[in-house]
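Both complexes shown next keep chain A, but they swap its partner, so chain B is in the first and chain C is in the second.
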Partner chain A sequence: MAIVQKSSNSLAEEANKPTRNPLRWVLLLPALLVIAVTVIYPLLSSFVTSFREWRLIYSPRPGGFVGLENYVRAFSDAGFLNSLQVSALYVLLSVSLSLMLGLAIALLLSKPTRLNIFVRALLIFPFAVAPILKGFSWRFMLNPEYGVYAQMIGAVIPPLKDYLWLGNEFSALLSIAMSEVWGWAPLFALMFIGALGSIPSELTEAARVDGATGWQIFWKITLPLLAPVIYIVALLKIISSLKMFDQVVIMTGGGPGDSTQTLYYYVYQIAFRNLDMGYASAVSWILVLVMGLFAFLYVRTLLGGRH
Partner chain B sequence: MGKSKWVWLGLLMVVLVTGVASVTAQSSVPYGLKAGKPYNGTKLKFLICCLAAGQFAQLSKLTGEGGEFQQLTGISAEWENTPYDALQQKILVEATTGSTYDVVAWVDAWGEAIKPHLLPLNDRIRADRINLSDYPNAYIRAASDSGGNIYGMPFRGHPLILFYRKDILEELKLPVPKNWQEVVQVATAIQQKKPEMKGIAMYYRANAGQNLFNWVSHLWGIGGDILDKDNRPIFNNELGVQATQAYIDILRKHKVTSEAAPTYAETESSTEMFQGRAAMWVGWWWYWARFSDPKTVVPEVMGKVGFAPAPGWGNNPPQTYALVWPIGIFKNSKKADAAWEFIKYVSHTDVQKKVASNRSDLSVADNTIVTFSGMLDPKVNEANGGIPRVGAQVLRTARTLPLVRTWAEIQSVLEVGINEMARGADVRQTLNRMARDVDAIQRRAGYYR
Partner chain C sequence: MQNPALRKRLGQGAEVLATLAVIFFVLFPLAWIALASLKNEVDVYSTRLFFQPTLDNFRAIFSHPVNLGPKVWVSALVSFTTVAIAIPLAAAAAYVISRHRFRGRDLVFVAILATQFVPAVVVAIPFFALFRSAGLIDTPWALVIVYLSFTLPYAIWMLRGFFDALPVEIEEAAYIDGCNELQTLRYVTVPLVMPGILVSAVFAFISAWNEFFFALILTRSDSVTLPVGIQTITGVRGPMWEQLAAGGMIVMVPILVMSLFIRRYFVQGITVGALK
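Now for the complex of A and B:
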């Protein structure tokens, strides 16, 4: 038995050793090529463009280098600063609501009853809906004249009857966030259900024997043990929220005024409406840096956890 | 005379008759097209979008393989159906670096960046004796530059029309409004008598510049303008403030439109009319087909929608925005002569009439037509309920948007500002801020050097 154990351990060690076989590079080459063409090259190209003056309405080719001018312009551009604020508020709303709602759903469905298992299977559906469809559906449902959500909310909270959900700065952003939470919270719930299942039941049983209430068990045991999963999920959602674009286009067009112009939407406006490619590249790179920070934290946490 | 001489004479006669017949046949090629198929076998590539539009669907069939145009000229055209949102970029890139396409159609406001890459058509227009006065001035202006060069022929265009509920106005004995002041009066009267209905469906949401359509009717109607002759913003002067205040007052002071109008674009506001919740709406004339479609409107609205010229200001003739798609030839095209034959065909009044009067297939029926002679044609009007004639009336005094390269940026500033005012921002202050932003855009673009 000991010999079998030893040989299986040495096999595992052997498998984990970095191989020197040059074939690995050949096998990796197609993937590396795809990444180089679709990710590395556009990133480098836009980085170079961000230091140049290039307005497509004047020239098909990038103009001269202007140093940091495009970056300096961004930080004195009211539109960019507004979109930074909007994105920050949107991230805060969508991440916190998705986490809270996802956790609440997970706690409700954590017991493996037949009904719960059936409902868990349904949870994946909202996430499977395309963002653009979410936008159209929510825009329709929030219409004050014939929208089903608007009518339901008006029936439950009479002061909100006929409220223009997409006509007010905060509620428009909240509506976009809700359209996103609607898809993400159930997905998070599934992740949390998995994490809840891995918490040893002895811990909660022992706490209960010691007289802890359900609320105390949640705060002192469940939540701390879920913290690593919450952290990873939050990072993932922050990255996703920073990319918010589809529902903005469909539901509000960046309005009312410019109150829902997220960074992504603003970049789209500059690049593909105003055709100011140099400036759009600079703003994109600011976004890349912000997202890169969260992506780095996410990957580091994931890999750190694995090792 | 010997027998052989008679044979020769007979042969000569046959040749003469055949020749004359052939020349007659060639000179009778319709639509001003060149006789003798000199470009036989040429295949053109046409950069365009939106083939779902009935007019485009019909014309693409007429000019494609086996279509009438190919039978007459031997030329066929392949219509590249580009998504609308990608079209402007694709045109710019193609215009400057590509040589894939020969012909292009563009939206008026994009024109200033595109025209330098197109062939001027003045000589061709002159040589083919094309009557430009048959096309609305606004359309020709949108296709020209400040030097008088014409880069495109009008191809598809729209005037703004006031659609109204005939039954409601008749029941309440109200006149069809001719200007915005009357619109407010009529709308107020309708809401007093029919509180469940909005007087007019308006749209103030920022969405591809749609909330500018009725704003410029106010602004131009009162004598104001967006930019002056040096391309500096002047929409915030006294006339601009007065016009904008009137435009916003329809929503905020007179309350004759849905409170949700700041969140409505063209689609939502027209839905108000389709579903019988509003008595009037101002929009493009092609909506007539939708108002006549039982699948689009509720039964109580079907057949009860009338139309009139879009309202103006006071007693001044209405000056509304006329949207046009000119069609031109890329400088890079190696088939410019064949491309010109194609342009002549699709913009010819007889072809346009044929398309506009064809209602054999309702899925591609389209009342859109760009020539005055077509708009006044009895057959075209009979097929389209008379709306082409009303469109002609509007287009006599209609205008085009400012022809500046920076229009896309300016439009963003204007539409966001209008939306803010619709939500209660002070009109004068907002206009002043918008003017400063537009001024900065113009300065950055080098307009004041």
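Now for the complex of A and C:
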């Protein structure tokens, strides 16, 4: 990854002179101050709130401390437990589909022919599209009456004709996942193409001469060599999938039933529909801890070379 | 299949077909939005490629009741203000982290990276209560404040990479020629790292422009942004798809044009969490 670069030290030594110190803090402090106000303060504030009772409908000020009650409540709350399950399934679906599709696209476009280079240039577009538009376009195209995708699937697999993609529990979550996979898989493909380019061709040539089939080369050589990149992008996608919110609002509103209420969507409901800020803070801190674990692994891997 | 030449040709044919399928997969949802925005309320439900294109939808969304005009303005104001604050601050901080060596530097950097992964919902809860008491709900400033929470950390991370990639020898030459650090920064370092600053600015703009979650919570009517605005384009029978697509074009086209300019840095930007 190009992000991990060696830092340069010779100037740094020189810059360590005390005379340069004031400038350093003048340049560094404004950013740190803004981060402290916009991230650290709310993070700590909601941590404190997570131990308090605070219903915003009754009072603009937080109420008394209730110890661990909000956290205990979460683990007996069917809605929360359901959202944990939905988020876990969603992460599994969207990560595995993005990886498989991304890998397939990368292998297909790995040879630098003119057509392939043209198609690679198109791969960034879906990711840049606003999530709400991803949601709206997929919702339309999966409509069994007039949606092109629903009709194409119906033509290939007749039993799925007239299938309500967003009206059934599993397929609704799958549809949300697909609207995200549409953005991520092409981007993964770009990352994999970069990594494939660094695999020496002698390696695969030699295997071919020894009589290995394309399938064997893929499983025994290509995939193991891609493993580090796959690990990094999978972590990135897990972190992003835990934040799934926009398309839930646009495509399903959490339904049918509560089958697409992701953890993120559930916290939104408690905090900004029920205005139960104490409980919402506790649940959001559970989310912080889960995401923190993956973020830790991600940052550690990316910075691995330096620290 | 006995004939190796035939087999090879079949393989190539399959490859071309698969490549066409990839093009279809990538472009079709974009093409749908573009085509639907030009269709009338009947054609939008048909899959015909040939239809009488109309600009009525664009006229409709800029008049009553959708009134997208003010929302475009708020989105632009909030996105540009966020960029104008975040990028200079981030560049200054990234420069120090890249070029200076001081105790706690790595700790500061890792702490900044960690804030990149704080979920928006945690930031939203205290700010929602705070903005409510301060009367800042439904103002652009509330959005700018919370948008800094996700643009600034990533921009520092990304810009540090750009500063690190710059050979220090050039700056050292400026010092030898008698420049002080501020002069070197202004006349040598910043101009050289300008492409990186612009790339980071574009990423910050895209993430602010596309943002939905904070805008949904913190706005009511006056400061509704484009993404929140277009989801209200509904009639009695659900979304009015043709107008929604026209609104979608206004959200999407500037972003697609911008992403062309940062094409080479796209993967790098996503890796540091520039867009989510």
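What we mean here is this: the second predicted complex is superposed on the first by the 280 of 307 C-alpha atoms of A that agree within 3 Å, B and C clash if a C-alpha of one lies under 4 Å from a C-alpha of the other, contacts with A are read in each partner's own complex, and residues count from 1 in each chain.
Keep in mind that, in the parts below, contacts are C-beta pairs under 8 Å (C-beta built on N, C-alpha and C of every residue); 3 or more make two chains touch, one makes a residue touch a chain.
Fair warning: this is a prediction, and the values are worked out from it, not measured in the lab.
Colleague: Are chain B and chain C a fit on chain A, or do they clash, once the structures share the same frame?
Modeller: Superposition result for chain B and chain C: clash.
Colleague: After superposition on the shared chain, which partner residues are touched by A:Ser137: those of chain B (first), chain C (second), both, or neither?
Modeller: A:Ser137 sits against chain C, while chain B stays out of touch.
Colleague: For chain A, which side has the bigger count of touched residues, chain B or chain C?
Modeller: With both complexes superposed on chain A, more residues of chain A are touched by C.
Colleague: Touch test for A:Gly254: chain B only (first), chain C only (second), both, or neither?
Modeller: First partner only.
Colleague: Which partner chains sit in contact with A:Phe272 here, chain B, chain C, both or neither? Use first/second/both/neither.
Modeller: After superposition on chain A, A:Phe272 lies in contact with both partners, chain B and chain C.
Colleague: Between chain B and chain C, whom does A:Ser45 touch in the aligned arrangement: first, second, both, or neither?
Modeller: second
Colleague: Using the superposition on chain A described above, determine whether A:Ser59 touches chain B (first), chain C (second), both, or neither.
Modeller: So A:Ser59 only meets chain B here.
Colleague: Where does A:Ser76 make contact in the superposed view: on chain B (first), on chain C (second), on both, or on neither?
Modeller: neither
Colleague: Give one of first, second, both or neither to describe whether A:Ser198 is in contact with chain B, with chain C, with both, or with none.
Modeller: neither
Colleague: Taking the options 75-83, 147-155 or 399-407, which segment of chain B carries the C-alpha atoms that clash with chain C in the overlay?
Modeller: After superposing on chain A, the stretch of chain B hitting chain C is 75-83.
Colleague: Need the overlap of the two footprints on chain A, from chain B and from chain C, as residue ranges.
Modeller: In chain A, positions 56, 60, 145-146, 272 sit in both the chain B and chain C interfaces.
Colleague: Sort out for me which residues of chain A touch chain C in the complex.
Modeller: Contacts found on chain A: 1-3, 5-16, 20, 23-24, 27-28, 30-32, 34-35, 37-43, 45-46, 49, 56, 60, 105, 108-109, 115-116, 119, 121-134, 136-138, 140-141, 145-146, 148, 151, 182, 186-187, 190-191, 194, 232, 236, 239-240, 242-243, 245-246, 249-250, 264, 267-268, 271-272, 277, 280-281, 284-285, 287-288, 291-292, 295, 298-299, 302-303, 307.
Colleague: Where on chain B does chain A make contact in their complex?
Modeller: Listed in rising order, the residues are 85, 88-89, 92-93, 95-97, 112-113, 205-207, 258-260, 262-263, 265, 268, 272, 275, 277, 405-406, 408-409, 412, 416, 419-420, 423, 425, 445.
Colleague: Considering the complex alone, what residue numbers of chain A touch chain B?
Modeller: Checking each residue of chain A against chain B gives 55-61, 143-146, 162, 164, 166-167, 252-258, 269, 272-276.
Colleague: Along chain C, where are the residues that touch chain A in the complex?
Modeller: 15-16, 18-19, 22-23, 25-30, 32-33, 36, 45-47, 85, 89-90, 92-93, 95-102, 106, 108, 110, 112-129, 132-133, 145-146, 148-149, 152-153, 156-158, 161, 164-165, 167-168, 171-172, 175, 181-182, 206, 209-210, 212-213, 216-217, 227, 230-231, 239, 241, 244, 248, 251-252, 255-256, 258-259, 263, 266-268, 270-273, 275-276
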